[in-house]
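Okay, so chain A shows up in both of these, paired with chain B first and chain C after.
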Partner chain A sequence: MSSELFYQPITALAAALAEKKLTAVELTQAVIARTKATEPRIHAFNSHDEADALAQAAASDARRAAGQSLGALDGIPIALKDVIAVRNQPLTASSKMLANFVSPYDAGVTEKLRKAGAVLWGRLNCDEFAMGSSTENSAFGPTSNPWDTTRVPGGSSGGSSAALAAGSAIATLGSDTGGSIRQPAALCGVVGLKPTYGLVSRYGLIAFASSLDQIGPFARTVEDAAIVLGAIAGHDERDSTSFKTEIPDYRAALATNRGPWKLGIPKEYFAEGLDPEIAQAVEQAIAFYKAQGCEIREVSLPHTQYCLDTYYVIATAEASSNLARYDGIRYGHRAAGAKDVVDLYYQSRAEGFGAEVKRRIILGTYVLSSGYYDAYYLRAQKVRTLIRQDFLNAFKEVDALITPTSPVPAFKLGEKADPLALYLCDIYTIGVNLAGLPAISVPCGFTKSGLPIGTQIIGQPFRESSLLAIARAYEQAHSWSTKHPIL
Partner chain B sequence: MNYEAVIGLEVHVQIKTQSKMFTRVAAGYGHEPNTLTDPVVLALPGALPVMNHAALDAIIKAGLLLGCEIAPVCKWDRKNYFYPDSPKNYQISQYDQPICLGGSVEIELPGAARNLMGEHKNIPLTRIHLEEDVGKLNHEDHDSLVDYNRAGTPLMEIVSDPAMHTADEAYAYLTSLRATMIYGGISDCDMEKGQLRCDANISIRPVGETKLGTKVELKNLNSISFVRDGIAHEIKRQIGLMERGGTIVQETRDYDGQTGTSQSLRSKEMAHDYRYFPDPDLMPVRVDEPWKARLRAECPELPFVKQRRFAEQYQLPYTLTSVLVWDRELADYFEETAQLAGPGKAQAAGNWIVNDLLRELTAANLTLATSRVRPAHIAGLVKLVEAGTIFTNAAKEVFIEMAATGDQPDVIAERKGLKAAPTDTNELEQWCRDAIAGNAKSAAEFRAGKEGAINALKGPVMKAAKGKANPKLVDETLRRLLAEA
Partner chain C sequence: MANAPALDIDHVAKLARLALTPEEKAKYAQQLGDVLHHIAQLAKVDVSGVEPTAHATPIFNVWQEDVARPGLPVADALRNAPAQRDNMVIVPKVIE
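So, the complex of A and B:
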């Protein structure tokens, strides 16, 4: 193996482990060493537990030695966004509110990764309660983009994208409510997949907006993403919104699913506000597919202009209720010196939550208020149906849609102080969540100043196999995923 | 001016399920604080609710028993409010689409006397919905402690129309509703354990007025008697207030059953905005016809229906049916006994059960299930008496022995020598003559028309016969001899 083990994809590492050219302990040590070397500049992690990771790695090696390997992920260090519960590890949502909280249980995906033999490595920084697009809203300080440490890694799963880009994990998990996997993947030059709503269990995922949240993988390659998705997907009876569906072998499907495909280009996604370098890179990706014999069609998603408004009504309404449990009574931050129980709520929540979280709780409380419910929440739900219908109509004509992932490349830390400017970072990703669709962001080049660019491919519900195959066709013909930041 | 009260009741009934409403942890009462908890009950970060189908079954069954319309879809909403007994700071409930709509509760008002049936009425229901119970706060000197054992227990809210007018009606409504829930196996409805809780909405208006007056909500009615007393007190309070020229304010009042007084808890201005919205964590559940049909098949006959049937089928008097039908186990026990005893013996069986067995159970602190006396025992006893094998006085003795030993009645009668002796008419006639001769005063009184005087003559006869004489024959013989002389 090359000296840069930590930059290898899962496929290569799994082969080396299987051939006994490498041990899980060696791999984990390499990732730990890399993390220690880069963290002072990146700050992708909220916490990590070396001893625990090495013990898991040793157990993996023992399994392999006994001929009981659990498959491609056995022994692969995977780090999780700090909104996904890992038994006996901190679970903070990057909030002061949960700074001292340790989860007594594993999330559904955590259990599944353990069953696949993955080495669970570290709790990844994010925007507080996954609310944001830059990871600047973390109570524990921002994460830096490994390609330019003066810039943001995107968000809210910025720790997940930055750790992967920096080589501090072999794959990571994030959560995506309005683009929180795809946008940071684009900004950090890695693959990020948001699965169909209901494909991956939300049990043990700290809820931001229940009807939009979905856990998904960050990986170096599309094939790696397929492997991780295969491990975490599937029905979980502890999540009523989890879908009962057969989980295909996503990795095997990559080989059989070869196109050519009919691809749609939603015209509303190439309008004002799109960075010209990104527009150019995405157009080149489209040209590639055309050259491969794919039929390219312009399609229209006429309700796109309402996505942002609809999202900020539904997501904040759900969040205002989901975050009510953080009250300082049973766990989490409790203010000192409260006069009575109401004062305890006020003070604990005033101290425990950051500005963006409070802003969204207030917004959400407002839109659900008596007298406003019909005008905001109910109307937003109706528009949401129209937005979903737009996509389903488009899918009558095409197999998938290609768009930019983010309108802008990684911006400077502190650059977007206006919340609305930040909200606009998600204009190409939010519709997918409202419609419950799967979508992937794949690296498709760099700006002149060397910042990664991602293109988003949007698929049909539960057709992740096809989505991954389309992404894989592009990736195989390009070398973006072999480029790494100099750190 | 004459006033009429208008009363509506909101009754919360805990559903008897193994596990809680939205998680697998056990539901129960009387456990160490905070032991019936898990990440879902405690609302830990990342925990999600999963609906308990058994609870939905139970409420649909309750709805079917009460004649409600069952909604085709069970939809969940969040009721948002902050209070430490509510771990999520929202309660999962049903807002605009309750699972049961309409329906009614049949009630019986007190009769003119205990042994007379009172008037029956149907009190219409507005709705029944399903939700989760909250935890319990225990206030100490300077601290409040929360016990989440109760949190998440499946809870039904049964809302009546404002259709009752007296405290007696409310009392009868609760009694009937409770019996229905117990009959259906839906809840044990033990008010001391909080399995049934009642709030009352009370207003008054001049008789003849159709508009509703300002309502007051009465809370903490901890027993069915307190419900009656509390409502009676509130009606009196409101009428008194009106008569003194006061105004009734919309408020919630707390009734103290010990002192028989109430005080204001909060006024309407402090009412919450619960910000209801559909719970995105729970998918609506379709309730189809086969599902309802399965539950309909499990619905038992309700007490009043049973009472009418018992009166007709077994020719039982009200005094018996009114005791037998309210406990499903007792009613079943009676029916089994009546079947075993055979045609024409049901009333005798009912008398034994109501008069002797129930007294015996109370005295011995037993239940129907733990008593040695089974329906076959009573049926056997009834048959022995009807056949003239033993007489009533002896039968009472047999019953006591049956309860003590569990032996069959004929075995006991044999063992204790209580079976009627074969009647020697000569001997009996002699005993009767002796009794008449020895009690001339009573004999004279009987002849003079004092019917009861004959009983004074029976005693000596029975004594001479050592209790084994056929009372009917004794009576006949005495009358014949008294007429002769």
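So, the complex of A and C:
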């Protein structure tokens, strides 16, 4: 294998492991060494446990030596966003509130990755409680973009995208409530997949907005994303919104699902505010599909202008409810010197939560409060129905939609101080969460100043096989996934 | 809703059991005023006859067999408690 093991895709590494040209311990050592070399500049990780990772890798090598390999992920180091529980490891949500919390159990996806033999490697930085689009809201300091360390990696799963782009993991998991996988994937030049709501268990995921949250993979290639998705998807009775559906072999489906496809271009997604270099790169991706014989059709999602408002009502309402559990009693930060138990709630929450979390708790509490519930929360849930209907109507005509992932490339750390300006970064991604759809961000070029650009492909519910195949067709004809930052 | 009412920050902070400094109150009241002004455009949408969507999965009720199964061991459940004694979480006095 090449000296840069840490930049190889899962497919190549799995082949080398199977052919005994490489051991899981060697691979894990390479990833650990790379992490040590890049972390002072990137800060993608909140914590990692070398001894634990190497023990998992040794167990993987022992399985393979005994002829009991668990498949393509056996021995592959995968790092998880620090909102996904890994038993006996820290779980902080990048919040002071959980700075000392240690997971008493594994999340559903963690169990599944263990069963697939993956080497669970490190917990990745993010915006506090996954609230943000830049990873600057972390209580433990921001993460830098490996392509330009003066810029943000996107968010909220910015540690997940930055670690992968830096070579500090072979694949990573993130969570996506309004774009938190796809936007950082675009800003860091990697593939990011948000699955259909209900496909991947949320058991053991720290809840932000329960009707929108979904766990998904970051990977170097679409095929790698298909492999990881296949490992983590599937029904889990511990998540009551987990959907009972047959999980296909997503990787095998890439070979059989060849198009040509009917692709829709939502005209509302190419309006003002879109960076011209991003518009051009996405238009070139659309031209590629057209040249491949795909039918390209303009479609309309007429309620797009209401997505951001609908999202901020629903997401903050659910967040205010979910974060009520952090009261300083059973776990989490407890303030010293409180007068009584109610004062303990007030002070522990004041000390434990950061500014953006408090802002969203207040907005969410307000829209749910007596006298305003119907006007805000109930109305937003109805507009949500119209937004979902827009997408389902479009899918009567087309197989998938193509849009930009983010209106802007990676911006400077500290550049977007105004909350509303930052909320606008999610303008192309939040409709997908409101409608519960799968969507993927695929690298589609670079700006003149060398910053990655991503294009988003939005698919039909539970049709990840088709979505991945469409993305793969573009990826195979381009070389973006082989480019890496100079670090 | 067309004109978003002023957000009573003290009332909302009390509902959220969140102690705020005077500086935080002033800052959040202004920032959230901007956000509420933006959100007010939802009032323009005709939602008559539209059912609300709670989540997008076609699941409407979930039943499970009522079977006993092991829960979290006490030591695991208590390992993150800020203060504990004799397998219990210690809290400030609740009743005078």
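Here, the second predicted complex is superposed on the first by the 487 of 487 C-alpha atoms of A that agree within 3 Å, B and C clash if a C-alpha of one lies under 4 Å from a C-alpha of the other, contacts with A are read in each partner's own complex, and residues count from 1 in each chain.
Keep this in mind: contacts are C-beta pairs under 8 Å (C-beta built on N, C-alpha and C of every residue); 3 or more make two chains touch, one makes a residue touch a chain.
If you're wondering where the values come from, they're calculated on a predicted model, not measured in any experiment.
Which partner, once the models are overlaid, touches more of chain A's residues, chain C or chain B?
C
Report for A:Ala207: first if it touches chain B alone, second if chain C alone, otherwise both or neither.
A:Ala207 sits against chain B, while chain C stays out of touch.
Classify the contacts of A:Gly436 with the two partner chains as first (chain B alone), second (chain C alone), both, or neither.
second
Just checking: does A:Tyr105 make contact with chain B only, chain C only, both, or neither of them? Give me first, second, both or neither.
Both partners, chain B and chain C.
Answer with first, second, both or neither: which of chain B and chain C does A:Ile329 touch in the superposed model?
After superposition on chain A, A:Ile329 lies in contact with both partners, chain B and chain C.
Once the structures are superposed on A, label A:Ser240 by its partner contacts, choosing first (chain B), second (chain C), both or neither.
both
Classify the contacts of A:Ala421 with the two partner chains as first (chain B alone), second (chain C alone), both, or neither.
Neither partner.
Looking at the overlay, what does A:Gln347 touch: chain B (first), chain C (second), both, or neither?
The second partner, chain C, only.
Which partner does A:Ala65 contact after superposing on A: first (chain B), second (chain C), both, neither?
A:Ala65 contacts neither chain B nor chain C.
Quick check on the superposed pair: does A:Ala271 touch chain B, chain C, both, or neither? Answer first, second, both or neither.
After superposition on chain A, A:Ala271 lies in contact with neither partner.
Taking the two structures together, which residues of chain A meet both chain B and chain C?
101, 104-105, 210-211, 237, 240-241, 320, 324, 327, 329-331, 341-342, 345, 365, 369
Mind listing the chain B positions that touch chain A in their complex?
Interface residues on the chain B side: 39, 42-51, 78, 80, 82-84, 87-90, 144, 146, 273, 275-277, 280-283.
Which residues of chain A touch chain B in their complex?
Against chain B, the touching part of chain A is residues 83-85, 91, 93, 98, 101, 103-105, 107, 202-207, 209-211, 237-241, 317-318, 320-321, 324-325, 327, 329-331, 341-342, 345, 365, 368-370, 373, 377.
Mind listing the chain A positions that touch chain C in their complex?
100-102, 104-105, 197-198, 210-212, 237, 240-241, 243, 303, 305-306, 308-310, 312-313, 320, 324, 327-334, 338-347, 349-350, 353, 355, 358-359, 361-363, 365-366, 369, 375-376, 378-386, 388, 419-420, 423, 434-437, 461
Name, in rising order, each residue of chain C that touches chain A in their complex.
Contact set of chain C toward chain A: 1, 7, 9, 11-13, 15-20, 24, 28, 31-32, 34-36, 38-39, 41-43, 45, 47, 50-59, 62, 64, 72, 76-77, 79-83, 89, 91-94.
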